[in-house]
Amino acid sequence: MKRYFSLIAILITFALIFTGCTDTGNDTQDTAKDGEITIAVACPLTGDYAQYGEAFKRATALKVKEVNENGGIDGKKIKIELMDDKNDPKEATNVAQRLVSNKNVVGVVGHFSSTACLAAAPVYQKAGLVEFSPTSSHPDFTKQGTYMFRNINTQEIEGPIVADMVVNRMKGKKIAVIYINNDWGITAKDNFIKAAEKLGAEIVAEEMFIGSQTKDFTPTLTKINEQKPDVIFLAAFYSETGMIAQQMKQLGYDYPIAGLSSLFNEELLKLAGDAVEGINLPTNFFPGDPNPVVTDFLSAYEKEYGAEPDQFAAVAYDTMGMMIEAIKKAGPDRAAIREELAKIKDYNGVTGIITFNENRDVVKTMKILEIKDGKFQLVD
Amino acid sequence: MFFQQLINGLTLGSTYALTAVGYTMVFGILELVNFSHGAVYMFGAFVVLMLMTALKLNFMLAFVIGVIITGLLGITIDKICLFPLRKKKAPKVASLISTIGVSIFIQNLVMLVWGSETKNFPLVLNLGSINIGSLKISYLQIIIMMIAVVLMAALTIIIRKTKIGKAMRATAQNMEAAKLMGVNVNFVISFTFFLGASLAAVAGVLVGMYYQSVDPMMGFMAGLKAFAAAVLGGIGVLPGAILGGLIIGVSEILAAGYIHAGFRDAIAFGILIAVLIIRPTGLLGKKVQKKV
Amino acid sequence: MKTALDNLKGKSTKNSLKIIIIIAIALSLLVPFLNLSSFVIRMIIMVGIYIILGLSLNLVTGFAGQLSLGHAAFYAIGAYTSAILSTRFEMSFFITALMGALLAAFFGFLLGLPTLKLEGAYLAIVTLGFCEIVRIVALNWMGLTRGPMGIPGIPAPSIFGIDLGTEVGYYFLIYILAAATIITIYRIVNSRVGRAFIAIREDELAAQSMGINTTMYKVLAFTIAAFFAGLAGSFYAHYVTYIDPQSFTFDESIQILSIVILGGMGSIPGTIIGALILVTAPEFLRSLQDYRMVMYGAVLIIMMLTRPQGIMGASKTKIKRNKLASSKISNKGGE
Amino acid sequence: MSLLQVNNLTKRFGGLVAVDSVDLVVNKSEIVSIIGPNGAGKTTFFNMLTGIYEPTTGSIKFDGKNIEGISPEKVIDIGMARTFQNIRLFSNMTVLENVIVGMHTRTSNGLLHSILRTKKFKHEEDGCIDKAIELLSTVNLDSKLDEYAKNLAYGEQRRLEIVRALASDPKLILLDEPAAGMNPQETHELMEYIRKLKQMGFTVLLIEHDMKLVMNISDRIYVLDHGAKIAEGTPTEIQNNKSVIEAYLGKGA
């Protein structure tokens, strides 16, 4: 019997804490409501992808700080509601539900990966809250509903740019492809191959790996070596690219490597040193860009965090900037913010001049970089 | 290409083998699957790296200190998270969940303290490689295999010939009886954890050197594979861990090279399951006669 | 005299328990109408899913004593079966859920077969390996599962034209599924079959000597457990409307196992509490941001150290005694 | 009429001969004992009868059928039930449940009946409970029905194990050292109880060290030493057998 009483006691305590928890959450925001506008940032702060979430966290905080220092939005300060989704689809939907339930949240910057974005999308769409992902490139993402926006070129746009870079600049006729087995890697690879074949190149190998699980690329590289390709094209993130480049060097293979904008990260240079020398890649954001928008962002970020921002930070910074832009015009109204965000044209961001097409996908121009003398350098 | 793949596989297998030895030893003594082992392996690699980069120690010194620190971590895990459970005679699964808790804790703590990004592990021993025709074997690969074999031999000697080894075997056979015979069982267990954890650190550092990178999640898959290797060879049997590690490593690489890279882990686990169905106690495991 | 008093006591305990249960049921039926935030409802629904998952694993691990580290595999099989059937063939939820559960049960049967010979760590790694294989197949078999692209747009369940894709609809659906699971598992455990499971856990050799076909019963336990995990997976797929292999990793298996252990192996109320705590804990800890998972690990260790047998411990299975039997005892006592 | 007939039964473990060509006969409604020094192979002999070990050579005929190498779970089906030297109860099950598990092969409630709680289910459960209580009352355990088996006193556990074996209505019941660890009072009660079993129509084969018990209740006795049978006969014959005295006290005694 005692057992059952303790059971009931636990249940009741839980029920109380639980409802209490969410209520107090709302209370604190209610008291602060008049002076503040809340924008949520949802990204992985723990788990495999925490490093990208960290970039989101820093860059969005910087943008908000800048806006608040200049008087906020109509005198109201912006507050960030930071949510960890572990890059786990289940947690992402929980986060989404939590955010849509919180009436003070007017817009969401996030999530990081397409998996999380897609899982959370129905919740946002149903509630009518903007989900503005800085990085989701899954073709289906913005098809989930009218409240989904993205701030990264889809692979339909990036693929042909990279194919042109590989075939015409790097003179790749026989190309080997290594791609990460996730939605991004597969769409990237498919779009690249389509564009490259149109340009007359031949794909001699198509190998995949599983992200954050595969560390040993020697069998894949040994296999590709049999085909003697002109160029190896990687649809991968920087950490795996570093490993692939190093293992290639250890095996004594010397093929030029081409990558995607995902490789633009100073960590890649630290990680793999001279093994990544000569890699070619496109990018939206480049710190060496003399554009004052970029140089201002650079110095502000370095002052705040003592480190150079990567492209994830840059795109998160722009995403927050555009969100604030929309709120400025619409006021703290979720539906109006969606309307205004969709109307944004030629936003002058650190990742380029940004406009949405009718599918709420962005179209941005890209620059080509090469790693030379241990540094990313602009070519042409 | 086949021989190159074989070499690749043997190297990978050696790293699994080193890690598997820790699982097997703890299991042999306590019949406990220590899920924190993967995290300890990662911790070892990180500590050595941090000693080298933050304190600017030279590699050998950092290596020795790091391995000892990791060994002490092994003892601490046992003392804080497992010993109280043994004292209470709690079910084995409770200990298992406790080690899972430890694993989550260490992994995320490392991430908090040192960041979650993949870090470069400096190539301290740049020794080049030997070429035999188109076959290329780096000295690092040879060293990794050698160390696996040497450590394995040293362990066997410790367990067969020394006093502490005798005590370990006695404890593994029957903890209560060993206690009655005057064996300091607590010391034996601590020693086992120390040994297991420091071996994991050695493996972590070697793997870090081999791939020239470490990251906080590196222990997860490596831990699972090493566990699989230990079981495949026959858990609790030292040579079994080495054999299991090599088989898992080679089959994984060959699967990636000749079948499909996406299925490499599935094939490694598939082989494991197939072997266990045929030999339920692993390749070198002894069949236990039921006591009635 | 004494026995009569005992009987009386037993009766009053039983009655007050009944009253508590009735009140709890009445309250829980009101939940969707209490104007709670959608977030709270969502959490309750997730708890419901994990109650099903936890109870089904408890049957294998807690009652039949077979450690399984791969329960997420059945969850995945159920979810994928449901998702594929409903998106490609537009079957209704009730058919896809049944198919998902049955297919999962079939795989449970297949996985149960090797357990004939394996025990302890060996069984653990086989179940773990099976879970990894299922995930990797889901990741690579693009034609069937769309691999990492996942399956979006899984339709909401409906019955006789009534759309259940609302908060209230989902709430009552999971409520019924979870209740059905609880009742079924309770009845299995308190029967000849369940006693055979427990006997195997307690002493396999003695169980054999009692004529229990241990092999058959172990496979049966796996099959039943897989059935319910598959059911939970089907519901999950129709609820979240998007699934991909990342939802069914080894971590998921560990989460389910932790629920069972935390609540208490072989305890049905324990699993319910375990699900409640472990599903909601990350939400309570969310305000800790980066420190969240560190705390989660620490909480898990502390829980185990303070109550290794779980919060509820193993609950006593009760054999219902009829009046005849109890009157016999009191007669005997009087003799 | 012989219920159990064992011919030339042998078990080798590697080079060790644990049981060496033993012949044994148990007739209906007899109490037969096997005695012998520790390590004489008595329990191994039992384990072969109950299918836990497969005999190396020899035959076991039970109730007219050859059963050597039978699987352990079939043994109870054909009418043989046993207890264990080191009590093997289901510790975390109640006294009542332990006995009802003993009726496993005599009952048939499957999954469907259990889940649906059909009439058949209830009928069978009730029957089991009544029968279990009746059996437990014969060993004075009917007041502890809901006690966990692990919480019983040692002597009670021994009795419970015997009742669990009886629950399957066996033709032959094998008791492996039932008096081990009992005090004289308990042993005396056990002796009375085994006699009662015979009156109830059970046939009993037991291994026992307690000579007083064995000599008092046995109809016939077999003596094993180093795996081989060295004597057989009535208690009086065994008490006067030279080789038995030698085996127990050593040569020259």
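Order as written gives the chain letters A, B, C and D; numbering starts at 1 within each chain.
One rule holds for everything that comes next: a residue touches a chain if its C-beta (ideal position, glycine included) is under 8 Å from a C-beta of that chain, and two chains touch if they have at least 3 such contacts.
It should be emphasised that the depicted structure is a prediction, and the values quoted were computed from it without experimental measurement.
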Response to the item:
Chain with Cα centroid nearest the overall Cα mean is chain C
Discussion item. By mean C-alpha position, what chain is farthest away from chain B?
Written reply: D
Worksheet, complete the sentence: Expressed in whole Å, how far the mean CA point of chain A lies from that of chain C is 36
Fill in: Between chain C and chain B, distance of the C-alpha-averaged centres to the nearest whole Å
33
Item to complete: Mind checking the centre-to-centre distance between chain B and chain D? Centres are C-alpha means, answer in whole Å.
Response: 47
Response to the item:
The distance between the C-alpha centres of chain A and chain D, rounded to whole Å, is 72
Worksheet entry | Multi-chain contact sites of chain A, meaning residues that touch two or more partners | 46, 50, 181, 210
Discussion item. At least two partner chains per residue is the criterion; list those residues in chain B.
Written reply: 108, 262, 265, 290, 292
Worksheet item: Which chain D residues touch at least two other chains?
Response: 52, 84
Discussion item. So in the complex, the part of chain C that touches chain B is made up of which residues?
Written reply: 61, 67, 114, 117-118, 120-122, 124-126, 128-130, 132-133, 136-137, 139-140, 205, 250, 254, 257-258, 261-262, 265, 290-291, 293-294, 296-301, 304-305, 308-309
Discussion item. Quick check: in the complex, which residue numbers of chain C touch chain D?
Written reply: 184, 187-188, 191-196, 198-199, 202-203, 205-214, 220, 224, 266, 314, 316-322, 324-325, 328-329, 332-333
Item to complete: Spell out the residues on chain C that touch chain A in their complex, using ranges where they run on.
Response: 13, 16-17, 20, 24, 36-40, 42-43, 46, 136, 139-140, 142, 147-150, 152, 240-244, 246-247, 269, 273, 276-277, 280, 282-284, 286, 289-290, 292-293, 311-313, 315
Response to the item:
The answer for chain D against chain C in the complex is residues 50, 52, 71-77, 81-82, 84, 88-94, 96-97, 100-102, 104-105, 107-111, 113-115, 117, 121, 124-126, 129-130, 133-134, 137, 142-143, 145-146, 148, 164, 168
Worksheet entry | Parts of chain A lying in touch with chain C, wherever the complex brings them together | 1, 3-4, 7-8, 10-11, 14, 17-19, 21-22, 45-47, 50, 82-84, 86, 88-91, 93-94, 97-98, 100-101, 115, 118-119, 121-122, 127, 138, 140, 144, 181-183, 185-186, 210
